Amino acid sequence: MKTGFYPGCSMKGSAREYSESLMAVAKVLGRELPEIPDWNCCGATAAHNLDRDLALALPARILAAAEKAGMDEVLVPCAACYSRLSVTRHELLDAKGSEALRARISGLIEAEYRGSAKVVNILEWLAGIGGLEGLIQAPFARKVACYYGCLLVRPAGIVKFDRPEEPQSMDRLMKKIGAEPLDWAFKTECCGAGFSISRNDLVARLSGLILDDAVARGAEAVIVACPMCHLNLDMRRPNIEKRADKKFRIPVLYVTQAIGLALGIAPKKLGLQRHKVTVRFSPAVDKSPAETLPPSGTRPGEA
Amino acid sequence: METLRNKARELLASKTVQMVIGYGRGSGEAAPARAVFIRAAAEAESLIFDASCQQNLAVYLMKPEVRQLGKAALVATPSALRTILQLAAENQVKDHDLLALAVDAQGEVTPLATLQTIEAHVAALDCNLSAGEKTELQKYVALDPEQRRQFWQEEFARCLKCYACRGACPLCYCSRCTVECNQPQWIPVPAHDLGNLEWNVMRAMHLAGRCVNCGDCSRACPVGIPLYLLNQRLLSEVLANFNFRSGMAAKADNAMSTFKPDDPEDFIR
Amino acid sequence: MSDFEPKIVAFVCNWCTYAGADLTGTNRMKYSPRVTIIRFPCTGRIDFMLLLKAFANGADGIIVSGCHPNDYHYSSGNFHARRRWIVFRGLLDFLGIDVRRVQFSWVSAAEGAKWAQLVDATAEQIRQLGPFSGYHKLRGAGVE
Amino acid sequence: MSRGPVIQHDRQVLAERILEQTGVDVARCYQCGKCSAGCPLAADMDFPPSQIMHLLQLGDFPEFAELALRSHTIWLCLTCEICYCRCPMELDIPKLMDVLRYESLAQKKINPKAKDIISFHRAFLDSVRTTGRLFEMGQVIDYKLRSGHFLQDLLQAPWMFFVGKLHLIPERIRDRRLLKRMFARTLKAREGRP
Amino acid sequence: MARIGVFICHCGENISATVDVAKVAAAAAKIPGVVHSVDYKYMCSDPGQQMVSSAIKEKNLTGVVVAACSPRMHEPTFRRACAEAGLNPFLCEMANIREHCSWVHEKGEATTNKAIDIVRTLVAKVKKNKALLPIKVPVTKTALVLGGGIAGIQASLDIANSGHKVILVEKEPSIGGHMSQLSETFPTLDCSQCILTPRMVEVAQNPNITLYSYAELESLEGFIGNFKARIRKKARSLDEKLCTGCGLCCQKCPTKKIASDFDAGLGMRPAIYVPFPQAVPNKPVIDREHCTYYLKGKCRLCEKVCPTQAIRFDQADEIVEVEVGAVVMATGFDIKHGDFFPEYGYGNYRDVIDGLQFERMASASGPTLGEMRRPSDGKVPEIVVFIACAGSRDPAKGIEYCSKICCMYTAKHAMLYRHKVHHGKPYVFYMDIRAGGKMYEEFVRRAIEEDGVQYIRGRVSRIYERGGKLIVKGADTLLGARPMEIEADMVVLATAGVANPGAEALAQKVHISYDSHHFYSEAHPKLRPVETNTAGIFLAGACQAPKDIPESVAQASGAAAKVAALFSQDELIREPLIAVVDRQAPPLYSTCVGCFLCQTSCPYQAIEKEEIRGRDGQLIKTVAKVNPGLCQGCGTCVALCRSKSIDIQGFSHEQVYAEVLALLNRGESDV
């Protein structure tokens, strides 16, 4: 079983801490994650908004490259990329009329797409790793709001690893590392997704509702598995606060960062210093502030 | 071979069975093996098993004169085992009516006392047509219809209506065959082209969903008509259309007496 | 060949196709007179041997028709018939007998128009195929 | 227009094209409104999803289909999939929205309010076309040029750069020629631009 | 030697306009065996029939062919005429030369020739016809009614009151069904218990009705008029004859916190209990799953307090065998339960309840004594949202059909709520209001106009709990599909009406067909709505499809009328067009070899195994036998039988074979 890794563009840039924390965790878990050779952008929202063939061809080229590299499955930690790759795989393999479509897309990418490589998301991948509990150094004893967002659990017919309403896989994962996942109402509500730049007014409103509920229920952190969600909930925090006319101090952690802390990995290796909203967690059992804080940047309330 | 003989001796001596139906040497050097009916432990040495032992001995299970002799142990090739299950599915054989001595090419003997054990044994066998059989069948399927018609017309022209195929077939156990009905006379008595065709069509249809492809009909045919082709063709149809194999289970419903609401019907207007 | 008029026998069930053909009549729709109906209680009753008998006695074509699945007088006889036809067609085809000479169909009691179309289409098909003399010739001396 | 919408029968209606391309049969929608009730942006839309469906159902009146193509809704749709997830008739509305966007682009019936959103998408894809990946910095600059929102987010960039999230030099993939060909045969061919 | 008479009808000009009838008659006369061949203007007229009957007598005919219209039209007419003239009616056949010939072809030789072909075919057939006698089947005049809800109660009373015995089987400890759980009924707001309990008492007191409560059907064999049923009486753990129903045991039982099914889980009951005070019979049962004695081997308090020593801890289930002539299925329905609607939190939030729970809450005899108190904290809900179609019309999560009763009961619920909480605010989310029925639309209007129920057209997308409130996210599709939120105290879901969990297994047990939702199928959707495809088994109430009370009662009375009609005769008379398995003299006995493929192919389970035994009782062979009461004459077995051991009367091998040969062999050959 060879598992390949598709980072996607944002994990190389605005979400690099997601990548860093994943790699740090994978190292402790003893997993290798070779990148798909010469991968390209999946096209994200933009491609499927403007051209269907392009929206299928970009992910198809990625998957074909993974196949060619002998990968049986591809880990796609970014929920948005995961969605595009999963939808493409479904359209080209299982949907009605997929054969003709597969031929056409194979023509576009100038390579045969067969569909042998499976697409797995971060929660699926982590759930498949046994013995995580045994590696815990310092339980992540926090009340957390597991935020799945849209694209990890929907559409239900294509991504079938958890149920679309009230999903549980991230909650189970958090329990494994000693956290207390809360019952809250916005697990799968939309944060505004790709409108972060073009319509940040909408993002501010939708993301504000999410933070509001998480805070109201006593969460100490929001846990995410998607760079877009993180961008909206963390980097867009000043916009959110401005629109809501109140402050939210709750940090937003990637699922891999929370696990990394529990595994005793140093915050800096997990990229916690790159967050807009200060993360004051350390791997220690006590709740003292993290030893390394981000050197600077806009603190909550400063923007 | 000695294992087989010992097993037969043991079964007869302990009176577990009254008779062992097995293969014995035919008269003459090149003669094929013939069926022998061993009723005393002392006669067991005449039992043989080698590549010449092809006959489906299950055919004797349906003969009243054999049945009268009491419980039998049957030296059973894979085809014979499947025949036993098919006969059970058709209420002709009950559990513990017989004991099967499954034999394989290596001379390995496995006694199978119940239908359930036969089922388990058969489940492990490859019951698909062999590659050679498939290739041969495909050769005829690939012909154009007119060539196929001519082929069969020439083959059936030799048919003598001797009914040896029927006699050799363990699944042709009707006490009155349709060919013997004369009110009305379904099949013309004389051996002319029409009668021969109708006879063979009827037999093939009556074996659809039942035949286990033992091939004894073709072996029995004195004029060498490749009857097995018809049976293999229909068992492929039944498998492809209904996902059904005969002779796999003792309680199976027959493919031709059941249906699925979504059976194919693209040929129906 | 142009003046060839085929003989076609229709084996139909009493409850759907027979009634459908009655409706064709009630509506005065015209169709080829080359087709004559024999009534059966159900398609499940139709013995494949009868189809052979029809060909042997001079039929050039055959229609077999009954109730649509699930719309059926005798809850499942037509499903059984369908299975039988699948196998029978496979056999005829393997024997090199032109399966286009047997037309299977579902015609309900409400489908008077479908019956007329079916008859005409089948008659035309058989007309094109010509007399089934190859089969008729099989009938040797001393039959019946 | 004073007579109200006029029926036109002799044309292939939009709903049929949608059915053909996506398998979504708008006739199955019975207007329960659950999609609109759950849509995160329904309040911002000119026609919430259930109304888009109804505009398409009335496809015999071309003016209604036109309203759907000219709507702001189709560009606001985030493809969050919640409507599809909860639709009792399992209608894939997000997929249908894709087709409406393509038709809207092809027929040049883009809602003026959607200009920024589309500029962002174009900037994004331009970056992918030239480098094979998203070059965030380049894209944002491109978007600013297209949209005219020069000052927006000006304060974010230095911070991002500081925490190591913003690269000044794009990552490029090796097989960029293939990417160019893929774009040329899809998006560019459709839009007829060089 | 056959002596056949052929009668060609002109049908006015309907036949004679395109067919040369005289020529047909002349040709028919030449067919061997035909001794009489005439044509006449209207064969079906009195003089025409007279011609047939006098020819039978004068020419001593052994068979008659009337060439006229479709047999579906006049076969009974001519068969009756033959019978009156002394000829067995099954020796008369019709040649359809009108619908199948004169009406569908142009005038000409080909048409006349086809008419001759048809006549020749039928002459050949009729020569092979045999005189048949109608089949008589005795009738056991006792009905079995399965299910003691309102439909089963009504059917039982109607059958019993027409003078026949009834055995009523109810699986719960008491009859009454869902109707006994309801508070008030639409559109009159009668108290459900008030109109139902007198009927329940009537059942208990009617001497013609034997009631088995806490009992289930174990098996049903046989056929119309002659069923054998085995009924499992589940152990009540007490002697019903001794129990007086005083209720002391229930009061003293120490295990009291068991969720009551009758109260839809809202109330509690002890381990020994009667489901509700007006139960019939008013005798408790011990719930062995929860009783301390059965769990831990200690307690037996009920035994100690029972004044009549009626408790029987060691009682076992009992099987009762009964013979019945007809069965009425009245097993009712269920509502969809459980976690099937996660976006509404149904099964998760305690204050999201279903319709039956609301009924119990509203019922004066319910767990809150009729007060509106929400389950989570017992507070009076100030804002209640009612959601229609929760699972109905929803192929994705529920069922695609409309459950039919919910629109009305939702209006009733909102109204009842308003009557009980005057300052409360009821909202109803709906898509369509289906209020077809006498006084139904008026009832809904009353809810809206007089009781101020706020109807909002749209479906709720999601419900979540926050701060003790249920946030209901909906939209109003009449106002531009604007999303809206209501902070409700309680939500009532009109969950879909579905078949009972055991419906499929029961249908298989009694051999009736059912649809993909496991509702029982009627024999014809319009013309035979209370019969099943299995003769002698009838349907009443919601086991066929969701129904309200008036419909259930109407259908129950319809089923009862069918049963009474069946029981009005001592013997059933059926057409003898059925299959028979060949029988021969010994030693063969039958050409059947007993492969029983026919048995699996029979759609009516009409084929049985018959053991043929010698004088010494030794089994000679097992062969097939057709049960004439069950066989419907389709002939599927006939075509399947390899040894041609089964034949079907009226369409026998000889008959159809002769038809094929005669049709294709023009000329004078007689086959």
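By written order: A, B, C, D and E. Residues from 1 in each chain.
By our rule, contacts are C-beta pairs under 8 Å (C-beta built on N, C-alpha and C of every residue); 3 or more make two chains touch, one makes a residue touch a chain.
As the structure is a computational prediction, the values presented were derived from the model and not from experiment.
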With one step meaning two chains touch, work out the least steps from subunit D to subunit E.
1
Which chains share more C-beta contacts than any other pair?
A-D
In terms of Cα-based centroids, which chain occupies the most central position?
E
For subunit B and subunit E, let me know how many angstrom lie between their CA-based centres, rounded off.
45
Rounded Å distance between subunit A and subunit D, as computed from the means of their C-alpha atoms:
23
Chain centres from averaged Cα atoms put subunit B and subunit D apart, in whole Å, by 66
CA centre of subunit A versus CA centre of subunit E: separation in Å?
55
Multi-chain contacts in subunit D, i.e. residues touching at least two other chains, fall at 82
Which residues of subunit C are in contact with two or more other chains?
48, 53, 76, 80, 84, 144
Residues in subunit A with touches to at least two other chains are numbered 165
For each chain, which other chains does it touch, given as pairs?
A-D, A-E, B-C, B-E, C-E, D-E
Under the stated contact criterion, what part of subunit D meets subunit E in this complex?
30-39, 42-43, 47-51, 82, 86-90
Okay, in this complex, where on subunit E does subunit A touch?
342-343, 348, 464-466, 471
Name, in rising order, each residue of subunit E that touches subunit D in their complex.
343, 389, 393-398, 431, 457-462, 473-477, 480-484
So, in the complex, the side of subunit E touching subunit B is made of residues 588, 591, 593-601, 622, 640, 642-645, 653-654, 657-658
Enumerate the contact residues on subunit B facing subunit E in the complex.
90-92, 173-178, 181, 183-184, 186, 206, 253-254, 256-258
